[in-house]
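Every chain is named by a letter (A, B, C and D) in the order it is written, and numbering of its residues begins at 1.
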Amino acid sequence: MAEISITKARMIIRKALATGRELGLKPLSVVVLDAGGHVKAFEREDGASPGRFGIAHGKAYGSVMLGMAGKAQMARAEAQPFFMAAINGVYGGQVVPVPGGVLLRDKKGAVIGAVGVTGDTSDNDVIAAMAGIAAAGLTGEA
Amino acid sequence: MAEISITKARMIIRKALATGRELGLKPLSVVVLDAGGHVKAFEREDGASPGRFGIAHGKAYGSVMLGMAGKAQMARAEAQPFFMAAINGVYGGQVVPVPGGVLLRDKKGAVIGAVGVTGDTSDNDVIAAMAGIAAAGLTGEA
Amino acid sequence: MAEISITKARMIIRKALATGRELGLKPLSVVVLDAGGHVKAFEREDGASPGRFGIAHGKAYGSVMLGMAGKAQMARAEAQPFFMAAINGVYGGQVVPVPGGVLLRDKKGAVIGAVGVTGDTSDNDVIAAMAGIAAAGLTGEA
Amino acid sequence: MAEISITKARMIIRKALATGRELGLKPLSVVVLDAGGHVKAFEREDGASPGRFGIAHGKAYGSVMLGMAGKAQMARAEAQPFFMAAINGVYGGQVVPVPGGVLLRDKKGAVIGAVGVTGDTSDNDVIAAMAGIAAAGLTGEA
């Protein structure tokens, strides 16, 4: 399985948003990218600020392109700010290196895409993402 | 009503995709933007080429930003190619002036967003978009 | 098989370049992209002009992103110049819509990447690309 | 000798990748640029993340354009982050100032290109690059 299906992508988004409602989080936005970093599906809840697509996308896009999830990206950005700044030059400013970007892996461990969640704290964004990924029967690396 | 709700956006996307399946169209991608031209929801069917988000987005984005749907944009592009080229300079190259970009209007006629569909011929893209918009109880201007 | 392997990519490039030498073509440049449009391998022959990476890449990149090979892209560019200009805005100016961009398909017909060849006439570029693709046991759509 | 030949470029890439396999490094990506900073050859191993071309390229490109290899660039970035940020403005965001960008010199000391390696730690990337450069009979400055 090399591509995340639209059915799986929908399951991830629905469960991530439902988790946000259950936990009383702020309105969330969730994107699912495929293994090439291209948008498969996205939803922004009512009440979320208009620019949330770009943030959700940036969390997931950097994860795919670097093969490194949000937490590892943030650690690198804290250790070498100039490196993540340079990475953003390479990728056209499309990388948001904080938690909430989660790599999707299939059963063999291959990356098949990424999820990006934004709206509440980065830690809560991760909780919502992981709930969605579990509901779809996939493994997430946050 | 100034903002398209996520519930309505989902209805539009589901019915547009279902219409594509009923008519035997190629895999479709559908985006819904709000009244500010910002992404509300998107889905890309399995089998669609990876770059389809940008095309769906460009059809809808130009519609909102110019207040002019895809067919009118194409007419203008044919009459004055330099004008649409200049528009694309203004909007960072994000406008795709062909049918498939459809303005969403509420009952008073106010623009509340736009839908962009890509994947089959431009005419079939419009058919799918209009079916989705009708299912959501809204009025589309193609 | 969803990703073109580096072994296959090398076979394509070597045979494409060898074909250019056999036919006495000008120095060629050959890129192989994966199913997400990302560079897998590239070689530029001695004597080729320095900017050839961008042209080879642009032929292959547009093929993957649009799911449409170079000949179909050129037909569309001739019929609707403003459409291909808009597409280039969406994809950051990275699309070169002429023959020499060839889609790679696996045995089930799924796109697994693309080859881009530049250096001689577009028709000869295609001949070299197709020879390389055949040598790797894959099917090309020019 | 002002241009790195494709034969030498292949030798560098092959030995760099072989070194990575011998040392058990993560999948590597290796680019060779000519004296003008233009891509001569590139290979990305199976399993490497899709965005690795840009990083390998950025390491080598900055080396050629500044005449300063990766280690010197990193020292400058640490001492004057604003300088490397400005440099990236000048060069369109295409400079990645960390080890793994290695200048290629001929026997007289003239710069004839650069190698960029990415995939493992920056230090291991340098080891792979230097092994490839030695195998091609050239001198590297890391």
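Quick note on the criterion: contacts are C-beta pairs under 8 Å (C-beta built on N, C-alpha and C of every residue); 3 or more make two chains touch, one makes a residue touch a chain.
For clarity, every value in this text was computed on a predicted model and none was experimentally measured.
Averaged C-alpha coordinates give centres for chain B and chain D that are 43 Å from one another.
Separating the centre of chain A from that of chain C, both taken as means of CA atoms, is a distance of 31 Å. If you average the Cα atoms of chain A and of chain B, the two centres end up 25 Å apart. Residue positions 3, 34-38, 92 of chain A are each in touch with at least two other chains.
The touch graph of these protein chains has some other shape, matching none of line, ring, star or complete.
Here the chains touching each other pair up as A-B, A-C, A-D, B-C, C-D. Of all residues in chain A, only 2-3, 34-38, 92 touch chain C in the complex they form.
Chain contact summary for the complex, chain D toward chain C: residues 3, 5-6, 9-10, 34, 36, 38-46, 50-51, 53.
In the complex of the two chains, the chain C residues touching chain B come out as 35-37, 64-68, 80-83, 85-93, 111.
Per the touch definition, chain D reaches chain A in the complex via residues 48-51, 54-55, 57-58, 77-78, 81, 84-85, 88, 92-98.
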